[in-house]
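What follows is chain A paired twice: with chain B in the first complex and chain C in the second.
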Partner chain A sequence: MATKIYMDHAATTPVRKEVLEAMLPYFTEYYGNASGIYGIAKESKKAMEKAREQVAAAINAQPSEIYFTAGGSESDNMALRGVAEALKDKGNHIITTKIEHHAILHTCEYLEKHGFRVTYLDVDADGKVRLEDLEAAICPETILISVMFANNEIGTIEPIAEIGKLAHEKGIYLHTDAVQAMGHVPIDVEEMHIDLLSISGHKLGAPKGIGAIYIRKGVRITPLIFGGAQEKKMRAGTENIPGIVGLGKAVELAAAELPETRATLEKMRDRLIHGILEAIPYSKLNGHPTDRLPGNCNISFEFIEGESMLLLLDALGVAASSGSACTSGSLDPSHVLLAIGLPHEKAHGSLRLTLDTDNTEEEIDFILEKLPQIVARLREMSPLYEEVSKQAK
Partner chain B sequence: MSKGKVIIGMSGGVDSSTAAYLLKEEGYEVIGVTMGMWQEPGETEGCGNLSAVKDASRVAEKLGIEFHVLDFRKEFRENVVDYFINSYERGMTPNPCIACNRHVKWAALLDYANKIGADYIATGHYARIEKHPVTGRYSIKASVTAAKDQTYALYRLTQEQLERTLMPVGFYEKDEIRKIAANIDDFIAKKSDSQDICFIPDGDYGAFLERERGKNHCPGNFVDMEGNVLGQHKGLIYYTVGQRKGLGIAFGKPMYVYGLDVDKNEVILCDNETLFSRTVYANQINCMSVPEFTDGMRFRGKIRYSHKMADCTVRMVGEDLLECTFDEPQRAITPGQALVLYDGEYVAGGGTILGAKLPIHQRKNEAE
Partner chain C sequence: MEYSAKVMDHFMNPRNVGEIEDASGVGTVGNAKCGDIMKVYLQIEDGIIQDAKFKTFGCGAAVATSSMATELVKGKTIQQALEVTNKAVMEALDGLPPVKVHCSCLAEEALHAALWDYAEKNHIVIEGLKKPVNDIDELHHHTEE
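This part shows the complex of A and B:
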């Protein structure tokens, strides 16, 4: 079925028209290698430095603190492995959470095999890190705290400013995976005491394959990729100028439109959430009710399988997901839903709809009309539901 | 048309960027230079490292001035980093910025200025350069903003260096400089001030010295003034005169580092009172507003950057050996730091502190 309604913006977003237009000249016209000293190379370099300013301005950083990468996963790997390597003489303990993206979790597992100790913090039922848990986990060997800015599955926004304050007081670096939050909620690396921050382009209207990492001036970190002197020797490889230009433009647009976009999406999101919860019994919102990403709706339905829901939605031309895009397709229930205390069977029956400004009120109406029918149909086939219905009568 | 050609050392920070802006506004032909001094893999801060080069070139581009990067890593390594490490290993507490200013920044910039035929060099220091009204010699005068005064680290500059130096930000308050910087761009105006020592951005001197020289710092004894052993220290490099915190041991009463004995590998501890001394000996004397130091001259002296100036009298007790006697005892006279003497607002000169007492070999010289 051709997709008519796209509600999986947390998985990826279409490239914005303005972004594509900004990028186009750098494929065929200004194709110079930014390391050159001739005319078109200078154009490439100029465009790259402008993008660096655009990204820096959006998070209150200095342009020299922004390094371009190939995406969020690379930025996460660079932050964790780079700091671990650089500070291994200082300590070997890293603190993160149980609800991080796999780019963090699997990197931590790798580091555990190489002499580091990792504490995976629990979260509360809304998916929030408890500051007292974090404080209790800190020890003299702790060199890095990595807590995501906002969760990709359940949308919960973590108390990064408070975490940053604590990390700052203890003299420990704070990294945050802001792949989902960037461009959707305000981020200020100074106010929030963030030392490292991961950004991905394709979650905010830039193309796939471009990302960035903010590294606070003075932070000790070893590069992941060695080679040429690009990105101040912190990330070798000829720069992806069109991608960088696209990222800069997308971040600039998102930052400028943020207050308006946020208000619009929150209104739409809340109508969707409340509409579903009211229309469908045995349904529950996952994630924090208010401290959540403006476009994120994640709901569990008892007695049914999320995958079946996705297939029926797809048949209607609706693109949605049951967990994160990287988890869908695996048989294991989402580690995030398990971490907020959902039992296996409920974790299996969850649906994530993530909105952006290309969604319309009519599309929300359509979901609110069709989803109750889909859930009802699936429950009719569920022996578990039959039993519960009988008991209720 | 042009008031002259000036080479400005640019770090990409708010002060030197604004200095470049001010000079251009005043009608000088400005050429920006970033001095590549120090870069280690994974380091994201520091004087003249790649971040500084990027920031400075960005500012130069905005100002529309010529910009070059000069490689002074060898000079910086020899004159500043090695000196810093050697001093620590000799039980002293060095001030690397003073050495950098005289031997690297000014020497290098003037050399470059001569090569390309520039009239002046400039920096973003909060200080003013004027001729002393009585002696007629060039001198550094306190900045209009006492809060950011940077005269202390500049006392070693020579007359030749001062004669050709411009310091445009010395005429402004820091807040005013930030406002002016907004004319360049918001990033510069908001940039935080650099802290600590540029080649040790995380401020962990111990770890730096270990990286440079390996972990060969021998533990030894804490002793009292009478030589009684009080406990074990981690290695001399981790201690400085006057230090109380981080001794890693409780002595029943507050104890402070009195001195470091390199020969015996001992850290000598004392109570707070014993830390005070009226006399300071210094060598490597540099004269600025005064042509020479003569016995009985009165000044106000500073024994470290954060020290509150105090009245004192000087006496030359050797060819390059100055004795400075404060009217009131001063706390924690630290070998390796600078004694800077002020004549009113002007820097009269100063030297490197040897200690509150003359080292033994110097005492012999004096007797001869």
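This part shows the complex of A and C:
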């Protein structure tokens, strides 16, 4: 079914028209390699430095602290492996959480195979890290704390400023995966004591394949990719100038529009969440009720399975996602939903709808009309619901 | 991963959804932990499966295989029903994505569990039928862990 209603913005976003327009000249007109000394190369270099300023300004960093990468996963890998390598003589302990993106978790698993010790912090039922747990996990060997700014599945925003304060008191670097948060909630690396921060372009209206990492001046880190002298030898490879221009533009737009966008999305999100919870029995919101990403709605429906919901929504032209095993390609449901204490069967029945400003109130109405029918139809077919409805009689 | 048109047809318009009151045999397999539970009801008269119904908690493939498996056994003898293997169900659906093959196994196991229940109730032995192992009891076992 052709998608008419797109509610999977946490997976990826369409490239914004202003962003595409800003990028286009750098494909065919200003195609120069930024390392050159001739006119056309200078255009590339100039555009790149402008983008660096745009990204830096959005998070209160210096342009010299921004390095462009191929995306969020690369930035996450670079932060963890780069700091671990650079500080291995200082210590071998890293602290992260159980709800991180796999770009963090799988990198940590790799580091564990190479002499590092990793503590994976539990989170509370809303998905928040407890500061006392973090404090208790810190030991003299701790070299890095990596806690995501906001969770991609359940939308919970972590107390990064408090975590950063604690990390800096203890002299430990703080990395945050801000792939979902960037452009959606305010970020200030100074105020929040952030040392490293991962950014992805395609989550905020820039194209796929471009990202950035903020590295505070003075932070010790080794590069992931060796080669040319690009990005002050921190990230080799001819720069993706159109992508970089797009990222800069998208970040600039998002930062300028943030207060308004946030208010609009939160209103729409809360109408969607409350509408669903009121209309459908045996449903539960996943993630923090208020400290959550403006566009994130994640709800579990008992007795049914997520992929079935997605297929029926797709048949109506609605694009959404789920934390069920069947959508993860494994037999286990989402590690995030399990970490907030959902039993497997409820984790299988989760639905994530992520909104952005291209969604409309009419689309929310459509979901609120159709979703109860979809859930009822699947429950009618479910042997688990049969037991419950018999007990109720 | 993409489903065949037949899988989508059996998911969107599942055949034989429901229960059979006082069924000759009922079998439930799978567990909620791995995300699939199938319950199959069989009405058996004179050794012929007169009717088959199902209820399934699971993904698109789980619903489609339940639908197809119940279609395939209706009107069959018990021995013919035993030939409705996971492979037969899968072929009838024009295949399944590799990660979904286990769903077709559940369909076969649910049928076998229902036939086993029938055999036990009637104190008969069905040749070639083994006691179902992937039983609903695993659900309770798992949740107690």
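In this section, the second predicted complex is superposed on the first by the 384 of 393 C-alpha atoms of A that agree within 3 Å, B and C clash if a C-alpha of one lies under 4 Å from a C-alpha of the other, contacts with A are read in each partner's own complex, and residues count from 1 in each chain.
The rule we apply is simple: contacts are C-beta pairs under 8 Å (C-beta built on N, C-alpha and C of every residue); 3 or more make two chains touch, one makes a residue touch a chain.
What you see is a predicted model; the values in this text were computed from it and never measured.
By the document's definition of touching, of the two partners only chain B reaches A:62; chain C does not. Look at A:382: by the touch rule set out above, it reaches chain C but stays clear of chain B. Touch criterion met: A:90 reaches chain B, while chain C stays clear of it.
By the document's definition of touching, neither partner reaches A:390: not chain B, not chain C.
In the superposition on chain A, A:232 makes contact with chain B only, not with chain C.
In the overlay built on the shared chain, the residue A:311 is in contact with chain C alone; chain B does not reach it. Within the superposed three-chain model, A:345 lies in touch with chain C and out of touch with chain B [touch as defined at top].
Touching chain B in their complex are the following residues of chain A: 49, 53, 56-57, 60, 62-65, 82, 86, 89-90, 215-223, 232-234. Every residue of chain C that touches chain A in the complex is listed here, in rising order: 1, 8, 11-12, 14, 17, 19, 28, 32-39, 55-63, 99-100, 102, 142-143. The part of chain A that touches chain C in the complex is made up of residues 303-308, 311-312, 315, 324-326, 329, 331, 333, 343-345, 348, 380-386. Chain B makes touch with chain A in their complex at residues 12, 41-45, 50-51, 54-55, 58, 186-187, 190-192, 201-202, 207, 210.
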